[in-house]
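Mind looking over this structure? Questions follow.
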Amino acid sequence: MDYIYSILTLTGITMIGVMGTYMVTGLTGQFSFGQAAFMAVGGYVSAMLTLKFGLPFPLVALVGSAAAMLTGLLVGMPTVRLRRDYISLVTFGFGEAIISVLNNSAQLTGGAEGLVGIPKRVDLPLVIVSVVCCLFLVACYKNSKYGRQCLALRTDELAARSMGIDVNRMKLVTFLFASAITGYAGVLYAFYSQYLEPGYYNWTVSAEWLIIVFVGGINSLTGAMVSAVILTSLPELLRFASAWRILIYCIIVLLIINFRPNGIFGDWEISRLWKKRKPVQGGLP
Amino acid sequence: MTTSSTRGLLQATGLCLAFGGVKAVEDFSFDAKPGEIVGIIGPNGAGKTTVFNLITGVYAPDKGSVVLDGIELTGWRQDAIARQGIGRTFQNIRLFKGLNVLENVMTASDPYAPYNFFSAILALPAKRAADRQAAQKAREYLDLVGLAGMEDARPESLPYGLQRKLELARALAIQPKVILLDEPAAGLNPSEVREFIDLVRRLHERFNFTIVFIEHRMEVVMNLSHKLFVLSFGKLLASGEPEAVRRNPEVIEAYIGEEE
Amino acid sequence: MLQNIFFGLSLGAVYSLVAVGFALVFNILKFSNFSHGGVMSFTAYAGYLAYIWIFDGRISGSVMFLAVVLTAAVAGAITAVGIERVGFRRLRRNQAPVIYYFISSITLGILLENIITIFASSNFYSYPVFFSSKNIEILGMSFSVADFVTLLFSAAALAILLFVLYRTKLGLAVRTVSFDVNTASLMGIDADRVVMATFAMSGALGGISGVFLGMNYSLYPQLGQLVVKGFIASVIGGLGNITGAVIGALLLGIVEVALIGMVGSGWMPACVFVIMLVFLLVRPRGIAGVIVQEKA
Amino acid sequence: MSYLTVQDLHVSYGPVQALRGVNLKVDEGSIVSIIGANGAGKTTLLNTLSGIVKPKSGSILFSGKPLPAKACNIIRAGLAHIPEGRKIFPGFTIEENLLAGAYIVHDKKLVEQRRDAMYARFPILAERLQQQAGTLSGGEQQMLAIARGLMSDPGLVLLDEPSLGLAPLVVKAVFELIREIRDKGGKTILLVEQNAKKALALCDYAYVLENGAIVLEGQGQELLSNPAIRKAYLGAE
Amino acid sequence: GNLQDLSGPTSVLGNAVTRGAELAVEKVNAGGGFKGDKIKLVTVDTKGNVQEAIKAFNRLIDHEMAVAVLGPPVSNIGLAIAPIANEKKIPVVGSFIDPRVTVQENGNPQPSMFLIQPTSTQYAEIIASYANEKLGFKKFAVLYDQSNAFAVSMLKPFKAYIEKRGGSVVAEETYTKSDKDYRAQLNKIKSAGADVLYIPNYTQDLVITVKQAKQIGLNLPMVSGLDAAPPFATLVGDPEAAHNIYFANNFSDKEPQLTEVRNAYKAKFNEDPINKAYLGYDKVTVILKAIELGGGASGPQIIAGLSKVKNVQGTTGVLTLSEKTHQPLGLSMVMYKIENGKYLEIGRYVPESHK
């Protein structure tokens, strides 16, 4: 049972992380190649506050996400003005920079050897509640004026500007929100695994999240979430294949990308199911 | 500051812009009074689209100024200018592909939607009410241009003519004081052109805004405009009453050509 | 100081070999081809296999080196063409947005890396010593032969590529395809073949880089992750501009070495990040990039 | 034997049926025009002829032989397609665009000759040689697209709304050019135009496409005087 | 159970441990099993990634019903799974040398974590002591991978020991995983006036280090960890570069207890084993011994047994696990010197302070 629980818990945490990637990449079409770094910020800040000052979990969770958001502000302010590939480069560099800072501040963070002794505060129910809450927030965001403006500027910034949309501000707001959510995922991870190490947050994790978002369908939050579940549990299901499992995993991903060019879900959202019935309700996803 | 109807609602004075060596617009001035329909014509590459880009802030002019309703807009950011009340359509259609038809129009009111971040992510009643209202408004605009019933379609799946109309609806929805149309009738066949002229007339009657349009189809130009400006090589070649301009020999030589 | 610049240059030379192969695909299909890393490690091993199975004992020294490089280049070309087939051809048919190519390429990179891990990771391997390991002393600085060869190869690769791209018909075709595949085929250009040729060229470069990486840094499955340096260089260089990529790579090498000298390697990535950011804010199109201005 | 024969052509985009059984013939050395409302499938038809869109069923014979499968081979067989919406290569200069158009021509002299002829025909292009094509004005781009398409000296030219966005004077010039390449060069032309009046006046034969099917065909002049056509496509009251 | 990184950056090590362990298990099973019962080795992959390791470890316990787990040679994963192992009372026998894996901050042992190799402290002290006391070096330079927990954990105790002994670290240079050119660092070291260079890094990095040191004409003697063990010198391929290097290994190639395993390994995998393979073999041996001592094959029993392991002859030495630290006691290391690409064995060495 614990095995299943641990998979579910970590999947849930990944889902929250992926929400951040979804917002930045799916909504505004920017390419976040260092999203995992925000997870690191959230995790480390909250864990260190607990270890050094013994602050309670809800408070550090809040501060952790806020810290991630603040870093998001630092990175986001300059980057929103750049073009897509430059953004991926900058976010990538940011991810590497965070890792190097963590490695370098060994007195504070434990450096490469990692940070131990974090109390366990997170369990499956909390993660489930968190996933539901974050999903609600993100879905509402997508479905609000913010989401619409983001999608508009994703296809055509110039036209979006001509509609009066403040493109840079919109990108920044989304980036910040995404950073905070990802930071929260980091908090959950820290207090679940009780151990943090900088090496975990490198660009391959961010790349994996991107893969998840695309496999699910760049236009669909539902898709991103479903594919987060599938792709994080797939390697577990494939354990019987031992060394070959990552190979099989890659092949499955490739097949999906090749044969479902819009991802598994295209732009379908689960909310369509009930929207059809109550057409005016417009509120929720 | 003057807002009197004689001074013009939209006023561009001495606009200049050069791209490297190419002087795209050179000392071009024009004005449009409230409720006036102004046409801009001229040979290809004369700088007409560039004038629109200067007015809407896509480019900043090297020299000259743009004033809307007494407010100097020169050097403003594109989105700020749009919020001041200048809407536009594009020569090459630019719709938002990730959104459906209704949402495309809704983006026009989103920058002003009266709710904040927190009501958005929590879907508070204020947000829902505001969105409902915005959708309602957007439907009205779609109705107006004849796109009713297509709210859920993807813009890229619409035929070209309807895409043009959607772009128009989207520009209308920002409730502009001035609307700029860049070759709105391109790609329409003659009977569609007729419908289009009627549509513009109707819209103009209803909103009574100022329209500035660029067009090569003479039937549109002659039918719609109250006043014409002719650009050639970035400079003003002629201006005035449509009929007079049409008969201007310089204009005929540079642009229209002899009638068959 | 001079010595450090030279270290930077020779490191940059290695990066630039990587970056050129990377930028080539970027140039034509407009996406960051992370599978290039996989190709590099793959061919590094292929070169090694050729060495132990075929060449060992028959030839040695620089002849051996050339033989290994050649094998690796061919292997790289074949691998890259294969990658194009399984990873990108269908996407191109479907006219998928470039972002999908990017995702596909990351996945392919992981795939290749894991194939190597499965077959080769129970032990360490390394190339034989190709060149005399004597150092050459000039002006009180010491250089190794390998450094020179690396510099030579990246200069040659750049020159050949520039010639092909800007002076040949194939080059015209490549650049044409890079705008729009359909319109290119309306010019009578066989887009599939052009893309294949591009991948073959990029793969061959990947093969050459693979051998250099293996020679300098010994063989391990993650060798290809150095592709990120190519990524940085070619983006900084100006989105697929080949010359820019090379300049970017050399600069990256020099900056890294200089920063190690000044702030130590620990802070280096953080400083590189800040420098990159400032650079891009000042010059948002990279070193040699041209922005096709958006025109409404 | 006609130069181009299309029989029972069906094309669809996913669930959308764009062409449903189109039949048409183009004789060598003639100008044939296709008119039809927005979304009738005109562009789709041309795209299918040049191999960009794959037909679901139907046959296309080009000078007696079935069309090759790949677009590039179709072009090599002597067909040129000047696509809707210009599709010039935005990052290339004008000169490079023209060279790309002459990709299948191997004689350098010939290429230069034709290029100079194009500059003579569209002087404004000659003034802007080194400008990135993406920054040209809409009309300039259209001229460039036409010039580029003619660089390969094709036997059959497909033109998709060539007059779109051109000033009246230039529209005239373009129609003249079309007549001229037929008369002097002996080329065959398949023309899609919204400017139906001009197109019908120019062409030898015309087809009316509606909802993916040919609903009417006939001599240009004949259609021009057809009241139904006048009402639907010529904007007559 | 066997928790190893079969993929990911440390896969070479994980694979070697796995193969060693397989040999041990096969041998036991071929001999009729352990006390008549066949033992089964279930290997799961961690991708060298902590999150994966947590899942994999849970799977071993929960799904595969493992009673004892061979840990990976990576301390980070050891640290991450320690809380779970403690809670589940499933012993993990590993070669994670970070002492924090086996001993909690308050000084008590991590109940379920056991180490069969010197800790980084012991290890680094052995090397430091040898370099300082035997070889007489006083001024040390270090170059290490700052992003690598192993290298970092080998550094701190080394420095502490040297400084306590009146030596000094005159240059401390770092690099990170993605760096491949250390010449700038080595150049700084060259001018720092050190007697010797300490390089506690992974094999791939050592190869680069010695090659580049030679290139820039840095010919200091070097001391390193067991990553300089074969095939390191062959990998360097340049006898002049692989020269004047001292390092400590867990065992000597000449020691008789290795022969059998080495031959079996060669026969099965057609390659020379690297030292992690012997450690894998020993982990199985130790666990089996513990089952005997603890009186049963359940987690708690094995844990009890492990604390009693005494004088078990493994391939890498004679193992006695301390009850207080769950670390091996008094393990000596075999010192080697590489000269002109050749390994010279110097013999086992135990520092005074460890006796």
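Letters A, B, C, D and E mark the chains in the order given here, with residues in each chain numbered from 1 onward.
Everything below uses one rule, namely that contacts are C-beta pairs under 8 Å (C-beta built on N, C-alpha and C of every residue); 3 or more make two chains touch, one makes a residue touch a chain.
Note that the coordinates shown come from a computational prediction; the quantities given were computed from them, not determined experimentally.
Participant: Just tell me the minimum hop count from subunit D to subunit E, counting one hop per pair of touching chains.
Facilitator: Each step joins two touching chains, and the minimum needed here is 2.
Participant: Among the chains here, which has the CA centroid at the largest distance from subunit B's centroid?
Facilitator: Comparing chain centres, E lies farthest from subunit B.
Participant: If you take the mean of the Cα atoms for each chain, which one ends up farthest from subunit D?
Facilitator: E
Participant: So what's the Cα centroid distance for subunit A and subunit D, whole Å?
Facilitator: 49
Participant: List the centre-to-centre spacing of subunit B and subunit E in whole Å, with centres computed as mean CA coordinates.
Facilitator: 72
Participant: Would you mind pulling out the distance in Å between where the CA atoms of subunit C average out and where those of subunit D do?
Facilitator: It comes to 42 Å between the two C-alpha centres.
Participant: Measuring from the mean C-alpha position of subunit A to the mean C-alpha position of subunit E, what distance in angstrom results?
Facilitator: Centres of subunit A and subunit E (C-alpha means) sit 36 Å apart.
Participant: What residues in subunit D touch two or more of the other chains?
Facilitator: If we look for residues of subunit D contacting two or more partner chains, we find 135.
Participant: Got the subunit B residues that touch at least 2 other chains?
Facilitator: 49, 56, 58, 90-91, 94
Participant: Counting only residues that touch at least two other chains, what does the list for subunit C look like?
Facilitator: Touching at least two other chains: 114, 117-118, 228, 266, 268-269, 294-296.
Participant: Spell out the residues on subunit A that touch subunit B in their complex, using ranges where they run on.
Facilitator: The touching residues are 136-138, 140-141, 143-146, 148-149, 151-152, 154-156, 158-167, 173, 177, 219, 267, 280, 282-284.
Participant: Which positions of subunit E touch subunit A when the two form their complex?
Facilitator: 6-7, 43-45, 47, 49-52, 54-56, 58-59, 61-63, 75-76, 79-80, 82-83, 88, 98, 100, 105, 145-149, 151-153, 176-178
Participant: For subunit D, which residues are in contact with subunit B within the complex?
Facilitator: 16, 35, 37-39, 85, 124, 128, 131, 135-140, 142-143, 161, 164-172, 194-197, 231-235
Participant: Which residues, counting only subunit C, touch subunit E once they are in their complex?
Facilitator: 3-4, 7, 10-11, 14, 114, 117-118, 121-129, 133, 135, 142-144, 147, 213, 216-218, 220-222, 225-226, 228-229, 253, 256-257, 260-261, 264-266, 268-269
Participant: Which of the residues in subunit C end up touching subunit D in this complex?
Facilitator: 169, 172-173, 175-176, 179-180, 182-192, 290, 292-293, 295
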